[in-house]
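Which chain is which? They are A, B, C and D, in the order written, and residues in each are numbered from 1.
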Amino acid sequence: MIIHMSRNATQQQLQAVKDCIANRELAFDISNGKTGVTVIGVLGDCSKVEESVFEEIDGVDKVVKISKPYKLVSREFAPANRVIKSGSMDIGGKSLVMIAGPCSLENDNQIMTIANYISDLQIPVMRGGAYKPRTSPYSFQGMGFTGLQYLVHAREKYGFQIVTEATGLHNHENEDGSIESNTVLDNVVKYTDIVQIGARNMKSYGFLREVAIKTKESKKPVLLKRGESSTLKDFLLAAEYIAANGNSNVILCLRGIRTFEEEKFQRYTPDLGAIPVLKRESNLPVFFDPSHSTGYRSNVYSVSMAAVAAGADGLIIETHNDPSTALCDGEQSVTQQQLSEIIRDAAKIRSTLYPDGYRFPTGVVCN
Amino acid sequence: MIIHMSRNATQQQLQAVKDCIANRELAFDISNGKTGVTVIGVLGDCSKVEESVFEEIDGVDKVVKISKPYKLVSREFAPANRVIKSGSMDIGGKSLVMIAGPCSLENDNQIMTIANYISDLQIPVMRGGAYKPRTSPYSFQGMGFTGLQYLVHAREKYGFQIVTEATGLHNHENEDGSIESNTVLDNVVKYTDIVQIGARNMKSYGFLREVAIKTKESKKPVLLKRGESSTLKDFLLAAEYIAANGNSNVILCLRGIRTFEEEKFQRYTPDLGAIPVLKRESNLPVFFDPSHSTGYRSNVYSVSMAAVAAGADGLIIETHNDPSTALCDGEQSVTQQQLSEIIRDAAKIRSTLYPDGYRFPTGVVCN
Amino acid sequence: MIIHMSRNATQQQLQAVKDCIANRELAFDISNGKTGVTVIGVLGDCSKVEESVFEEIDGVDKVVKISKPYKLVSREFAPANRVIKSGSMDIGGKSLVMIAGPCSLENDNQIMTIANYISDLQIPVMRGGAYKPRTSPYSFQGMGFTGLQYLVHAREKYGFQIVTEATGLHNHENEDGSIESNTVLDNVVKYTDIVQIGARNMKSYGFLREVAIKTKESKKPVLLKRGESSTLKDFLLAAEYIAANGNSNVILCLRGIRTFEEEKFQRYTPDLGAIPVLKRESNLPVFFDPSHSTGYRSNVYSVSMAAVAAGADGLIIETHNDPSTALCDGEQSVTQQQLSEIIRDAAKIRSTLYPDGYRFPTGVVCN
Amino acid sequence: MIIHMSRNATQQQLQAVKDCIANRELAFDISNGKTGVTVIGVLGDCSKVEESVFEEIDGVDKVVKISKPYKLVSREFAPANRVIKSGSMDIGGKSLVMIAGPCSLENDNQIMTIANYISDLQIPVMRGGAYKPRTSPYSFQGMGFTGLQYLVHAREKYGFQIVTEATGLHNHENEDGSIESNTVLDNVVKYTDIVQIGARNMKSYGFLREVAIKTKESKKPVLLKRGESSTLKDFLLAAEYIAANGNSNVILCLRGIRTFEEEKFQRYTPDLGAIPVLKRESNLPVFFDPSHSTGYRSNVYSVSMAAVAAGADGLIIETHNDPSTALCDGEQSVTQQQLSEIIRDAAKIRSTLYPDGYRFPTGVVCN
């Protein structure tokens, strides 16, 4: 349920609405509509609350029930693109946001070599996996806290922001058998600028709730990856879990879906067609991962261009200084040279098609 | 097996190679490599023929076995993009080729109204279904020959080329119960400039063979759509069926695949990631159908942009003068206004990224 | 629309109903309900015909609109299991119907060796591919008419029925390059007892119509395989194409669907869960193919047992006297020994669970 | 790597092998082969260890490298079916193990009513969701600890075992907003006899590791559900995560996969074909969930029969005393009457096909 205040509503009138919500044991979220009026999203089970309860309060202009199962993250709730601030950077705004870095953080030298060219290319965010979700218990599980510290070190030196995946609420076991004292989530929230939730945890709802609670105050952006076989409805509801628990700064990140297609050509099927659907259904920024979605370096350029042309607000790309020696996913990591061309051409497409940020194509009516 | 002649090979030497092939009951296909030398593709089961048989003939430079299951349509066979001539038009060349028109041909007035704006927009090819493959026997099965004649009429008036689907080797039953005297394939081959094979028939191999035989002489382009759950290997082998039976002028057309995704958001999953894979594996032109692959008008602009950015050589788009009254697939048909913006912006992307036609991104080695 | 005549309706009253249908340019199909009353299915677009038009005719008991998109093949149209007669055999009746034979007919000796043990095992129908739909144009395309004649010869010797696939309306090209004078469909209809339509042609609607027309008089059973990515609705509508064009004796045959699963473990995903759905939606017999659906001999026993337990009315199994030398699909062909155990144990399950033929589980209400 | 000791190897010799393993910083797991000899599985990265290192130790009979990515759970490691003891019950042994109960635990009365008929039907294990993974944050999230206590209460009264899902390492938020003091995993491990891991968490590897550690000592069985789009390889590797971290008592539970099929007929596609594959690749017990895999009560009987016929060692079925009022998944819950028929007929199939527990069909060679 969304309550639109009148343009000249007073603070007292607003407070009366808040009290009325609280009396019904519901929560709320306040935003400002395009035209400057205050809009209040009522959270929780509104099914038994009549609109008239709020309509009768002075200063209320109108009350609208949201028909979508996802509320806070829907275009219905707030029609304008949600622009997320992260430091001085706008996510989902006018400019494309590029994120690049290695699949796994491997050692200080690798991290600094890559950080150096990422900085040269003026990429605003570096990624790198400290905690790795691997399908085999016998594979390298990531450098853990040590890797995270190297990444922090790169940030200090180069000034970009950093993002890494929080794989859960457990305490990571390091390669030497020692157990980290903080949970993975606590470490990631503490040290990174953007908290990544991987595709494998998109439906770990208890975990999503914890992520929201731990980032509620800082409002750190949460980059949420689509599960490999999640429907778009379930993807948006996963984002809603985070929003409903206190942090609406969610970035939706597509990373390919599992279909019947041949693994030797494409590890996943890039779900580029989901971009316009998500943009229409939700006001959140939409990113695309051309590395995991294709699985092969040779497809990354083309799929990156496609994602930006379809309206993606950002790309997250795996790069490596020496892909052939990468400890993980080397086949999908692009070289510095390839990365620089992707950035150059992606920017051209963004400025050609979406010079002022994402806009709906002609004739598309939201809702 | 591919035989490369030396640059100064004589006609007699070439003839000796041809005779040697014929003696082994194999067939051949001749093309010219990038550098002007003659290249001969040996067709049929070469597994028992040694390279040395040909290497010993004077004028032969080298003999290469093709490792891919698809031979004639592979990049291995001929590394340059295959540019198909259709009238004065180049398919798979420098410029994007646009095809547009209604899903079904419905009546003279509809066809001419759409033909008129297609002509205004300088779209070189008009599409329109005369023979419709419908999932229900009780649905409109297309106007048949009468519709085809209206399309021919539009071509006469406006000068563009026309394409329609050949749904089989049967004789169409018209709405009034009469049976057409020619087969559908014969009519389509006789009257159109490009022969379309639909997704549902991609694995009707006997039919593919007939299509090749009927277009062998004219070398009319055959636009082959990917089956909704075909692997890319099987798609390329379907093209190979046509090439191996006499017509290598095949256009590969992607049109969405069937996955788990929600039908209410996307009827199929647009298989945009297949574009770079097909370009690498094959030298054939690759087209994309943003209408069937998405199923909804509101997604067509974004997916069209993505396809061109990923390297598609052409788009085939459904348009209708009044989508709400369309007899078939109205929901996915764009209006004249939307079509004009797609054409305008697609051309911008093509000229930005691929000003001289498709080229491999940096670092991508074919084979 | 279904018209139920009263129990004591006269032939004149029935004729009056038929005339009324004809006057509206609709067709009809007559069957007898469980309790002996005559039931008339009205075919074609009934959307503009009111029930009252027929209700007012003397002798009409009631008129029911069918809500399913598939009409003639639905349980709504005729609630009892449709038992198809083929010679002295009942398909979809009390007993399980077993079909077995090689993937491809290879030579006289192979055919007779297999025919011999099929006869010994008292399997009532032998299968064998004369016309093979192969993904590569360079693979063995089947023995064609010669193979078919060998199969006919086996029938003469052993007395079982035979089934083979009709791959289209084309004239088959033999291995020696000669072209057969009859079309594949004509040959198959002429020489076999059951006409098989393969998964690849399930959506070749013009072809389905021809199959119906060619078997309209003989009412030969048509074994229709589900397309590898066909929905169940589309599968039932394909059966409806055949029924609506004159032959309702359709056997629905499941053969696995294409999913994300690993090809090395299962070539397709056996769609066993579709058995109860098809039985509920349709009155047609449902068969299962454990060979193509699994792709590996080692899975055939288990999946055969599962299919019979789930309610399948028959199995179609590939067997070979020497699987390791099979020209096609040897990996999925069972040996004589395996086949005999499958038959023995399948019969046990049928008699345990469905001693009188398929019946709905407790609590399942059809429509 | 698996080390087989000779039949008469001494404890000192065994210790020498253990020391040798420890010196290489590897771990091990000891089991007894069919014929009574001691078999030692070496865990960790064995790629750089030569077999000869162990072969040279006295008392070692032979050393075998395991070729599968999953080691401890593979048939290669231990060819006999792994029979898991849970109280007096054998899981994966001769008898089928039935588990039944409601989707969600709703209130004391519901739980006891269902418990009563479960007991009457002599079902050895009752299930019931205390912690529910729901796609919407606004849906009922389960009764939490209170529900779990009711389930414990039912166990006390009726004497069966109980199983519930552990949804993560978080502290559950109850309906009244209070936060439970123990983590969900701790509560589930403490109070149930079998710990269930849901499909959504199958790839939450840090969580799997914690589950193993918390059940290491008790060796409580862990019922691991296949992720909705997990490959079988990844499913087995998830089981390996648990085994490699200390608890090899894993039950593999299939519950349907996500494919293109129509949700209105089947919510998921029952992955029955995976049963023989898992039985061949692994020695673990394989269970099947006919409720989630089909999504509709009317399919549960047929799919249950199919699962048992294909070789499943157990079924986990949702039942409700009044399905129409269920808070969650009522449509897939069977009634008491349906449940009793499933149990009766499933037992008949088990005793007909697998009277002594699972056995390989004729001609199937494991590895």
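Just so it is clear, contacts are C-beta pairs under 8 Å (C-beta built on N, C-alpha and C of every residue); 3 or more make two chains touch, one makes a residue touch a chain.
A quick note: this is a predicted structure, and the numbers were derived from the prediction, not measured.
Where touching is counted per the definition, the chains common to chain A and chain D are B, C. The most distant chain from chain D is B, comparing centres defined as mean Cα coordinates. A count of contacting C-beta pairs for A-C and for C-D identifies C-D as the more extensively joined pair.
Chain D has its Cα centroid 38 Å from the Cα centroid of chain C. Rounded to a whole number, the gap between the C-alpha centres of chain A and chain C is 50 angstrom.
If you average the CA atoms of chain B and of chain C, the two centres end up 34 Å from each other. Touching of two or more other chains is recorded for residues 229, 233, 258-260 of chain A. Chain A meets chain C in the complex at residues 229, 258-260. Put simply, chain A touches chain B in their complex at residues 229, 231-233, 256-257, 259-262, 265-266, 269-277, 280-281, 293-294, 297-299, 301-303, 305-311, 334-335, 337-338, 341, 345, 348-349, 352-353, 361-365. Looking at the complex, you find that chain C touches chain B at residues 44-45, 69, 71, 131, 133-138, 141, 167-170, 172-173, 184, 200-201, 203-207, 209-210, 228-229, 233-234, 237-238, 240-241, 244-245, 258.
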